[in-house]
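Each structure below is given as C-alpha cells.
Two complexes, one shared chain (chain A), two partners (chain B, chain C).
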Partner chain A sequence: MEQNNSLTPFPPGLASPQGAMTPVLPIFSPMMPYGTGLTPQPVQNTNSLSLLEEQQRQQQQQQQQQAAASQQQSGMVGGSGQTPQLYHSQVSTTTALPGNTPLYTTPLTPMTPITPATPASESSGIVPQLQNIVSTVNLGCKLDLKTIALRARNAEYNPKRFAAVIMRIREPRTTALIFSSGKMVCTGAKSEEQSRLAARKYARVVQKLGFPAKFLDFKIQNMVGSCDVKFPIRLEGLVLTHQQFSSYEPELFPGLIYRMIKPRIVLLIFVSGKVVLTGAKVRGEIYEAFENIYPILKGFRKTT
Partner chain B sequence: ILKTSRQINSLPKVQCPNHPDAILVEDYRAGDMICPECGLVVGDRVIDVGSEWRTFTNEKATNDPSRVGDAQNPLLNGGDLSTMISKGTGAASFDEFGNSKYQNRRTMSSADRAMLNAFKEITTMSDRINLPRNIIDRTNNLFKQVYEQKSLKGRSNDAIASACLYIACRQEGVPRTFKEICAVSRISKKEIGRCFKLILKALETSVDLITTGDFMSRFCSNLGLPKQVQMAATYIARKAVELDLVPGRSPISVAAAAIYMASQASAEKKTQKEIGDIAGVADVTIRQSYRLIYPRAADLFPPDFKFDTPVDKLPQL
Partner chain C sequence: MPSSCPECGSSNVVEDDLYSQRQWVCVDCGSVVSEGHLTTTVSDETQGRAVPYHASTEVLKKPCRNLIAGFSRVRALCRILRLSSDMESAVVSLFERAYNHPNFIFVTLTKKEILGGCCVLSVCRQCNWPVAMGTIGYLLGVDNATLGTVYREFTKALNIEISTIGIMDMLESFCYDFKLGPQQVEEVFAEPPQRLVDRTSALIELAADAWIVTGRQPLPLLFAAVYLAWQSLNPTVRMKYTFVKFCKIGKAPEQSWHRSRDSVVKRLKELRDVLCKLGRELPWLRGGTVEPNTVVPLVDDILKNHRALLLRAVRNYEQQLQNESQTAQTTECDNELSDSNRSESHSSTTPELMDPDQAGCENPADKQATDCQLPPDHWSKRHLFLPPCVKNRKRQRVDAPQLEVTGDEEISDSEIESYIRSQDEIEMYLKVQKELKKMA
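So, the complex of A and B:
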C-alpha cells in the first residue's frame, strides 16, 4: 500500500513549525511499508513454547494493522500540514506503532553538540529497511551438543573450530548458534517478530530432541538497517566538518564511519549514497539516526 | 680562576677571618679558596670538578671522556637517575668459577624498559625507510603519550609503535601508506589500522585526509621517472579527483593510475606491474582506475606536456 509521504510527521528532536515545544512523536506512520511480520505491540515474554499460538497472534496483529491503516487512510486527508492535532489523532486511533512500546513518546531531544545540528526541515521520505537482527535467548537447561548435532537436521558442529552447534532453518531464513550452556544466538532475521519466531522454532527443535528447553530472556541485541539517499555524497567534506564523529580512511575502508552519539548508532556512509546503520537495540533508533543524518548528507551532496 | 658566589643561607660559611664580608675566590687548580682582599688562603683541598682528561676537538674519539653515562633523554624517559653496574673488564671481576661478580646489572624500572624497547623499535623501523629525525622524535612523543594514558595497554607495543609512526608521518605532511609501514614492521595492516583508530581516539587528535599528491614524488623517484613525468602525473591525478572521475577510489590507486598514464605518454614507459609493486597496489586495481580516467585523458594532461606517445595511442585496457 503506497501512501503519500507528505503525511509524515517531523523527526524527533526538532521544534514544531509553530515554535512551541510540542512533544514529538516518531515519524513512522503506520501506513509506511515496513516489511512483513511487524508486530506493533510489545512482545509478551511468554515462556511457553507454543509456536502455533505465536503465528496466530502475528497474523491477527497483521490483520488489525491493515484494518486500522485502511480506516486511517480513508479518514485522513493527504497533504494537510503537520499540526499537533494530527499527531494526537494519530495516537488515539491507532495501536499500530512500530517499536516495542505502543506509545513511543520521545522527549524532546535538546540540541546538544552530541546530536548533529539539524536545521528545521521536513523529514526525508526514505525509510531504512532492516537487513539483520541478532537476538539471544536462554533455553534454561544444559545441552549436549553432540546429540543435537547428530540427531537434528541442518546442524553443524565442529568443536575444534567453534564450541557451538550451528543450526539453520529455512523459514524465516536464519542461523542459530546453540551453546552447551543452553544459551542461543539467532541471526539473519529481517524483523523483530521473525527473529522471535525463529528463536522459538529453534527452541522447539531442541525441545523435540528431548531437552527441557524453555524460552527465557529473549532479547534483541543488534539491528542492522540500510537505505539509499539517491545522491552521491562528498565524504571529504563530511569528515572535515564532523571530525569528532567521523572516521574516513580510504586505505582501510571505502566508506565513512560515522559514530552518532545520540542515538548510539554507527553509520557507514558511502560515496554512492548508500547508508548502512547498525548498533540499534530498537527499530526506532535506526529511524531516528537516519533522520538525524539525512539533512547533513543533503548538505554534502555532490553537485556535478 | 672560577668565581663562585655564595648563598647567604646555605652551607657552612667559610670566611676570611679578617674580611668576613669578602666573597672568596676559588682557585680550582690548587684547590684553594682565597680572600681577594688580603690574599689569605682560607679553605684548601677543594675537590676539583674539572675533567681529568684532556680532550681535543680534532681527535676522533668515539667516547667523550668528560661525559659520564649516556645522554639524558629527559623528555621521554622518567628522568632515570638509577645506577647500573656494568660488566666487568679485567680479571678481577670474575670470581672462582668464571662467573662474573655483581651479576645483576641493577635493572632500570620496567615501565621505562618497555618504552625504551619501543623507542629502539621505532628507530629501527624508521631507519629501514630512511625517515628523518623529526619524524622519529614525533613518533617517540606520540608513543609516550599513548603509553602513559594506558588506554591501549593490552595492545602489542610494536603495533602501537607502528601506528604512531604512521600518524607521525601523516602529521608531518609526508604520509606513508599503511602498506609501506607494514613492510618495515612485523605487524599486520589490519592491526596497525585498528591501533591507528584507537590512538586517534585516545589522544583526541585527527589527521588530514591523504591526497594523491602526497605520494607522487616518492613513487616517481622509486620508479626512476623524470621530473616532467612526475609533474604530469601529479596534475593528472589532481584533475581526475576534481572532475570526480574516480569516486570512491583510494587516492593511492588513483595516483598509481595517473603515474601509469603519464609514463605511458612519455618516453619512460612503466608497466602496471612495476607501478603496482612500488605503490603497493594490485595491477588490476590500477587497471580499474585507469579505465575510469582513460576516456578523459586528453583533458587530464597538463597543457605544456611533451607527448612521446600521443593521447590517442595510449594503451587501452
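So, the complex of A and C:
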C-alpha cells in the first residue's frame, strides 16, 4: 500500500488531473446541504457531475489505449464491478475519494443514488450534526513515550494509570492517545476531514520530535451524531411496539436504547425529543438511521 | 523372567498374578519362583498424576461453599418478596447456571450476591411479577447503577430476553406495602388498599399524560403519587402531614424512601403544578386562583373530569397563544403599515406557523420559570404540557462553528513548533523534577 501523507493515491495509469481534484471537495464540504438544515437533496452539484463525466471520458480513453497495448487491463477492469461508494444513499464520504472509485464501463447516470431518493415531502428536514469522530492511524515505528512526554508541551504521560501518551492540539480541538507500538487514536473531531487533519498534525509533531513517523492505514472507527426532533416522545409506547430492538429501563437510564439492524447503529432516544446516534463508520449511516427512525418517532408524537 | 524352577527343575514357569502382585509359578510343582512388588514405591507415586478437585467425587457430593451460601441468600430474597414456590425453584436453578458460568465463576463475592438479585429480578420479569430494581437494590444494599451493570452482563452472558415493566404494574404491590389498614393505624389515617390503588393509578395516568412519568425513576414518582392520593382521600384532616410523616404512619421501610427523598419532593411539586393547571379550568371555581398547596382538596373533582379538563386547558392555552401572536403582529402592522405583514397576520393564525421574528411571546403560566433561557420562538412554548427536562432547560447548547477543512492541507511548521518544548524548557523541567525527587 502506498504511504499517504497529503496526496490521495491515484490508480496507476490514470493521469493525475489536478484540476479535477479540487472540484470534488465541495461535495464533501460540511457546508453542503447537510449543514444548512434544508431537506437533503441528492447531490446535484454541477462540479461533481462534470468531474465524473471527465473521469469517464478519461477512463474510456485509457482503456482504448490499453486494450491495444498490454494485458494489464485485467487489474483495472476488475475494479469496474465495484459499486461506487460515492453514491451510497445520497451521501458522500471522504473515505471514498475518487482515487479509489469509479472505474465503470457502464454508462451509469452519475447522480442516481443506490437507495431511491425519498421525495422532499417525506424526509424529515432535520439533519443530524456530527459531534465526535474516533479514528486510528499507524505511525509505523516504535516510540519512546518518555521522550515524547518530556519534549512535547501538550503531552501527559502517567504510566501507572495508562500506558499511552495523551496529547492535545488546539486546532482542530482534539485529543490523541499515542502508544509505544506506534499506533494512535484520535478523538474529538467534528468531521472526517478534521479528524484526518488532526491525525496528520499529531504525526507531524511526533516526526519533529525525532521519530520516523509515517501515516499508515488511517481509518475512522466511530462517528457520533445528535439531533432534535422537536416534539416529546412516548418511550413506553415505543418499547412495546419495537421490543426486539429497544431497551428502556427508566431505573437505570432515562433514555431508550434502540439498536437498529440496518444500518447497524445504536440510537439513544430521550423523552425531550433529542436523539443521539452512534456506531457509524461513515456519515451516511447516521443520516440513514435517522431517516429510518423519524417516521417511527412521529408515530409516538402525542400532543395532549 | 525366570526360565526354570529351582525346586523341580522344570522349565514350565508361567506368569500367574495373585491379585495385584505379579508372580511366576512353576506349573509342575506349584512353587512360586519369583514375585513382584505388592505396593507402589515412592518413585511410582511421584511420577503418577494427582486427580484434580473438579474430577473427584468431592465436587458432586459437596458443592462450593459460596454456592450454598448463595442459594440460601437467594431463597431468602424470594421469601421476602413472597414469590411462589415455582418461581423460587426457577430462581435457584437460574442462579446455579449463572454462578457456574465462566463469566461469573471468578468474580468477587459481592458481585455474586448481586448476581442472585439479578436472577430474582429476571424470573420476576418473565413471570410478570412486578418488582422494581430499586426494591432489589435496597434489599441487597447496592445502588441501581451497580445492579444495572451486573444485570446487563448477566442477561448478555446467559442470553436472556429482557422485558420491561411499566409503572402501572408496580403500583398495586407498592400500595399494598403501606400498612394503612383500620387495625394498624388510627381511623383518620386508615385507607383500604384498593381505594388507595384506584386513586393512585388515576393520578399516575394523569401524570403520564402530562409527561412527568416518561424517562424518570418510577419509585419516587410512586411515593409522591401515593402520598397525594392518601391526602386527597381525606383532605381536611390529612393536609397537615408531611411526606416523611406519612411514611412513618404507613410504616414504609426507611431505606426504601430515604435516599430518594429529594426526588420525591420534586415529583410532588410537578404533580401539584399539573393539578393546578387543570384545577384552573374547573368551571365552578369561576376563574379563582388555584395554588399548589391548596389544590389537594380539588383532586377528587379534577380526577373525575380529567379528560374534559385536559381538553379545555390545552384549548385555552392555544387560544392564548393565538391572541398573543395576533396582538404582537397587529402592533407590528401599526408600526410598519406594509401589505406583506398584513397578509402574514391573516395566514399565521395557527400556532404551528408562528412567526419566528416575534420576540417576547411568553406564556403567562411559565413566567415563574424566569431562569429558563429558551429563545422565545422555541418549539416548546407551543405546548402546555411538556417533559420538565425541556421546559426547565437552563442553558442552550451552542454548536461551535464548523471548521472548513479538507484534511489534506499544508500544516505550518510554526504551529507544530508551538507544541514542542525548547531546550531551555526541557532543562528547567528536568531540574525541577530532580529537586522534587530530592525533597520527596
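Convention: the second predicted complex is superposed on the first by the 183 of 304 C-alpha atoms of A that agree within 3 Å, B and C clash if a C-alpha of one lies under 4 Å from a C-alpha of the other, contacts with A are read in each partner's own complex, and residues count from 1 in each chain.
Throughout what follows, a residue touches a chain if its C-beta (ideal position, glycine included) is under 8 Å from a C-beta of that chain, and two chains touch if they have at least 3 such contacts.
Predicted model, so just to flag it, every value in this text is computed and none were measured.
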Simultaneous placement of chain C and chain B on chain A, clash or fit: clash
Contacts of A:Ile166 with chain B and chain C, given as first, second, both or neither: neither
Touched partner set for A:Val185, first chain B, second chain C, both or neither: neither
Chain A: partner with more touched residues, chain B or chain C: C
Which superposed partner A:Leu209 touches (first chain B, second chain C, both, neither): second
Which of chain B and chain C A:Leu268 touches, first, second, both or neither: neither
Partner chain(s) touched by A:Ala149 [first = chain B, second = chain C, both, neither]: neither
Touching both chain B and chain C, residues of chain A: 232, 236, 239, 243, 247-252, 254, 270-272, 304
Partner chain C, residues of chain A touching it in the complex: 6-8, 25, 28-31, 35, 94, 129, 150-154, 169, 171-172, 190-197, 200-201, 204-205, 208-209, 230-236, 239, 243, 247-255, 270-273, 303-304
List of chain A residues in touch with chain B within their complex: 232, 236, 239-240, 243-244, 247-252, 254, 270-272, 302, 304
Chain A partner contacts - residues on chain B that touch it in the complex: 177-178, 193, 196-197, 200, 206, 209-210, 243-244, 247-252
Complex contact set, residues of chain C against chain A: 132-134, 144-145, 148, 151, 162-164, 166, 208-211, 213-219, 310, 314, 379, 383-387, 389-390, 399-400, 402-411, 415-421, 425-426, 429-430
